[in-house]
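Several structures are given next for inspection.
In what comes next, chain A is part of two complexes: it sits with chain B in the first one and with chain C in the second one.
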Partner chain A sequence: MSNSTKDFSVSRRRLLKGLGLASLIPVVSACDSKDSSATANLSAPSPTQAKAGRVLVIGGGFGGATAAKYIKRGNPAISVTLIEPNSTYYTCPFSNLVLAGERNLDSIGHNYNELKEVYGVEVIHALAEDIDGANQSVKLSNGQTLNYDRLLLSPGIDLRWNAIEGYDQAAAELAPHAWKAGEQTLLLRRQLEAMEDGGTFIMSIPADPFRCPPGPYERASLIAHYFKQHKPNSKILLLDAKDNFSKQGLFTSAWQELYGDMIEWVGLSNDGRVVRVDAANLEVETEFGSVYKASVLNVIPPQKAGFIADRAGVSNEGGWVPVNANTFESTQVQNIYVVGDATLAAPMPKSGFAANSQAKVAAAAIVASLAGITPPDPYWANTCYSLLNPDYGISVAGVYKAEEGQIISIPGSGGLSASDAPTSIRQAEAAYAVGWYEAITQDTWGS
Partner chain B sequence: MKGSLRPLGLSLCIATVVLASSWTFAQPPLPNLAALQQAITQADALETQGLNLNLPLVAEDGSAVPLKVQFNAPLAEGEWITQLRVFASGNPNAEVIDFEPSAAISQLEFSSRIRLSESQDVYVLASSNQGRQWLASRQVRVTLSGCLMSGDEDTTQMGMSQPRIALPRQAQAGKPAEIRTLINHPMETGFRETASGETLAASLVDHLVISRAGETLLRVKFYTGTSANPFVSFFLDQQDQLTFTWTDDQGQQIQETR
Partner chain C sequence: MKNYGFTAFLLLTAWAGSSSVWAESAPTASHPSTQVALMASSCANCHGTDGKLAGAIPAIANRPAGVLEAQLLAFKQDQQPNTTVMNRIAKGFSDEELKALAEYFAHIGQD
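Up next, the complex of A and B:
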């Protein structure tokens, strides 16, 4: 843990140094920008901005909002437009606390006021519907077509409907995924509240890779915390398409300690993979034919990069986006940078922290490339905190660098919470988790 | 005869190009691929069309990487595929799993879960009863994702137990349908050490035979490269009266009939 903090501060310094450099160097690269008068451009950049370059950012989550801000911090003369359909973004981190009734949804909502008012980012609340990588233009749901010199995509995930037989958008209204925070979170919360004591909460968990690897297990923990207080005779059954999961030893021993036998986990080798969902009857069937009936059913389906990645031509046959490790530019389409859960960035996990860290690297690379200079060497950091109850936290941390075109975990960096830590450490880590949330949302959205 | 290193390397390069995937051939065959070279009878006559090896580009957990092998090239009258052998160039032991179908299997599509100890090229070699061979390869990057550190030791589990079989729910007679099977077993490789430095003895399920009325339909041979709790999926035209027999390396057997 101390290693990670130290290395991260080094990476921040280098990054800021790179960004500072970029903003001092005279701008020379307007030659490669497209003539923006060629299409109906409702928000033509000012002459200085046209010279410094025009960047479009699609997606206002951890990756997109951070990138928009840090491009402006790197060079305020660059025109930056953020395209995001919603005026409030609800974070997946801490949404499990909403499910447990420990927070309300508003407390995990963030808006774009800081980007607009402090950093001069133009924010358009529309959906990006199509991307023409050859002409460097983006078509929006409001009819606008915008040109760019550099495009940054932070598309997040799409759920693979029907990858599990019977689990489609209609089924998600009966058996919520709640894997994108907002209405789905509230729906699952209402179902948990309405459930009678003695009911069974079933969660179907996908194989890797998926958004937030420890998320399902934190969710099970916090729902157990809610049940323990309000519905102590209830059960939680986790049906998993994997045999190993994030922080497994820490989770399973804490479950025993905090919740006795309330939580049962069934892994892949014991027929845990759900292959069929009957949402109307709240039933699931596994690979080898076991059928389970739930009182409340939460299906976290397999995932892929958000659809706009397909429209841009940056995703591969596996549904995820390969990127240049040094810059997070797409390996398939020039001048399109992609960050966050949509990317193939392993060993970095699909987490909000990773998206924020990747966005800073991509922002520095974009600022440098528009200035015609070489971007700084990238470093990334990530910590995944998980709460076993509101006063019991655990974490896994990592620090990463690029080597020979691949992202690697820096040997000896990061680490996992000790398995034999005293209660005081678990309490401290729970407090750090709250501190982390406040810091990263402040950094990303300024709120 | 055995293919020498050079012609094999060339054939593999061709294989990579013809597969129409974006994989570049990263390295010449490694010495531990002797097993693959020995299995190749005519290195200069290897075919590539119609043999597909499906693996994820990036595997975040090398202990159970989903594998699918498909074969659909045209075959001559009286010709059938007798073996589809999977090799992993970077594993301590390159042999991973062999599927040995009988002529009775019309749809050649087999799945399992395999172990990859590091980023590497994986190969599948198909052989017909008339001596023709096909080769396909894929590169897989194996990473342990940051948040996947489990902090957990494997639980100790001994011997074979809990055979599971899933027959298709709505099968139409004469139309191939998928059958899945799994047996619990640690598939101890003999390479692992305990915390005190003792090497754990190898212990493997050796093979699985699926038969009907004494006639073998499919034999699957397992190796150290097969994941713990060996899983196999395959397709049969007729899914009734099947006997599944697992045999471990001590000769112990478990049999199930469906």
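Up next, the complex of A and C:
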């Protein structure tokens, strides 16, 4: 449990009013920063802040960092404290480029300096261990207990160890999941580099719902790109616990076009579901007893909301978090808002973009709630780019609103890249994927 | 730092003042600018915070409202050749919403 607890997602934002206000925020923040030489100290909220309210944000990924920033943009007088164990957050988006050797890990790392210095968010690098929703308090691994008026959780996912027999934390050191970016990404990259030409890379892919629905297939594509250049006799075998996957037609036709028969996909109906892992021997066994031996084995296990959601009492029996569609407040515990991969927010996918978008809605709802006014109507968007190689991009997009308490995809909007698009469009989407990464990471962690 | 702190104090006071005025003037309904700001925040994921980031994807802040609105409508109506994703996104908004978004971004100054 311990090494799987720090991951996060969420999102939404607002300017309360007019743009004059936005230009004031950096100046106010210079005063509010927790720099010990500053006249104001966020650990002891000023009278103005105490009146405006205190918000704790747990998790510094796409959801949590966006929420912290946009709450401060909405009302800088609100005290916002972000609780996140790590000083650098490595994004899952673009980590597949690290696996393919096209980027280094540093290029997907983001810190909290601008949230602190520009927006006046207090950041505590500790693990949130427990939540008392009745008393509105959070207990941290550093011994502190903090009270809140509103709590925003962006806990990301936990991996369900042993949901596949034999796949636990020790096994993940031999057969990485790399479904939380960082050391796991580097481990899998080293294994791919060490693999002999002619080897077999096997990936076990879970049933829905799981983080980043197109992610496994982009990973297969970019590893194929690496193999094609450096280990052209190698194979990629995808063992999948479902029969359909995100952008399936676009992926499979591009695989044929770009990589011939290098990638083989086996779905549920063809006995694709892995039920046992022997990490020491790099072997997997499927439901009906087929055993496959890998040169490099990547197991993406089933998932659930990060454990702190259970501690807060906001998760359901399925392990995910139901939320009020209009605000992303928990339907189970008042004054706790939850965003990102941990939530049940279909038809929105579990993506970093969706987490950022949800965080902005939740931030607006929190700002309005603390001011005692009605929150604005929610809007969400999502665009997930996938790279088939560094110059070949595809996407799926969606625009969403709430209708009668449900999140709905707005009819006629969204959808997939055209199946018959020319090379120039694939190249443009690959360039836009890079532009998207720069923009969303700036919008989430930057200023 | 002390001067900064003093300036910040004045601004905070000013902010607190405008905040209460705002709350009193709109006790039951969402403020229109808040509503548009929330809708517009979806754009930041690709165009940067406040639509100001210029890279592979262009900035959209501080461009004439009429230009932005015409562009958004062209996306929505599939009249813009070689579009990748904006046609799919623009169809998620009414013409009035697209106009409000265009006006919102037109009024954001670029640093």
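In the analysis below, the second predicted complex is superposed on the first by the 404 of 447 C-alpha atoms of A that agree within 3 Å, B and C clash if a C-alpha of one lies under 4 Å from a C-alpha of the other, contacts with A are read in each partner's own complex, and residues count from 1 in each chain.
The definition used in the following text is that a residue touches a chain if its C-beta (ideal position, glycine included) is under 8 Å from a C-beta of that chain, and two chains touch if they have at least 3 such contacts.
Quick caveat: nothing in here was measured; it's all calculated off a predicted structure.
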Checklist entry - Is A:Q248 in contact with chain B, with chain C, with both, or with neither (first, second, both, neither)? => result first
Checklist entry - Of the two partner chains, chain B (first) and chain C (second), which one does A:G414 touch, if any: first, second, both, or neither? => result both
Checklist entry - Regarding the shared-chain residue A:T200, is it in contact with chain B (first), chain C (second), both, or neither? => result neither
Checklist entry - Who does A:E287 touch here: chain B (first), chain C (second), both, or neither? => result first
Checklist entry - Looking at the overlay, what does A:Q144 touch: chain B (first), chain C (second), both, or neither? => result neither
Next on the checklist: Is A:L344 touching anything from chain B or chain C once the two structures are fitted on A? First, second, both or neither.
Outcome noted: first
Next on the checklist: According to the stated criteria, A:P214 is in contact with first (chain B), second (chain C), both, or neither; which is it?
Outcome noted: first
Item to check | Superposed model, chain A: greater residue contact from chain B or chain C | outcome: C
Item to check | Touching partner for A:N335 - first (chain B), second (chain C), both, neither | outcome: neither
Checklist entry - Which chain A residues are contacted by chain C in one complex and by chain B in the other? => result 397-398, 400, 414, 417
Checklist entry - Of all residues in chain A, which touch chain B in the complex? => result 207-209, 212-214, 242-250, 252, 268-271, 287-289, 316, 318, 320, 322, 344, 346-349, 351, 354, 382, 384, 396-398, 400, 406, 409, 414, 416-417, 419
Next on the checklist: Under the definition above, what is the set of chain B residues touching chain A in their complex?
Outcome noted: 22, 56-58, 60-61, 63-64, 66, 141, 143-153, 162, 164-166, 180, 182, 184, 228-229
Checklist entry - Which of the residues in chain A end up touching chain C in this complex? => result 12-19, 21-22, 24, 27-28, 30-32, 37-40, 46, 48, 51-52, 70, 75-77, 353, 356-357, 360-361, 364, 368, 371-381, 383, 395, 397-400, 410, 412-415, 417, 424-425, 428-429, 431-432, 434-436, 438-440, 442-443, 446-447
Item to check | chain C residues within the chain A interface of the complex | outcome: 1-2, 4-5, 7-9, 11-12, 14-16, 18-19, 22-23, 26-31, 33-35, 37-39, 41-50, 53, 55-57, 82, 84-85, 88-89, 91-93, 107-109
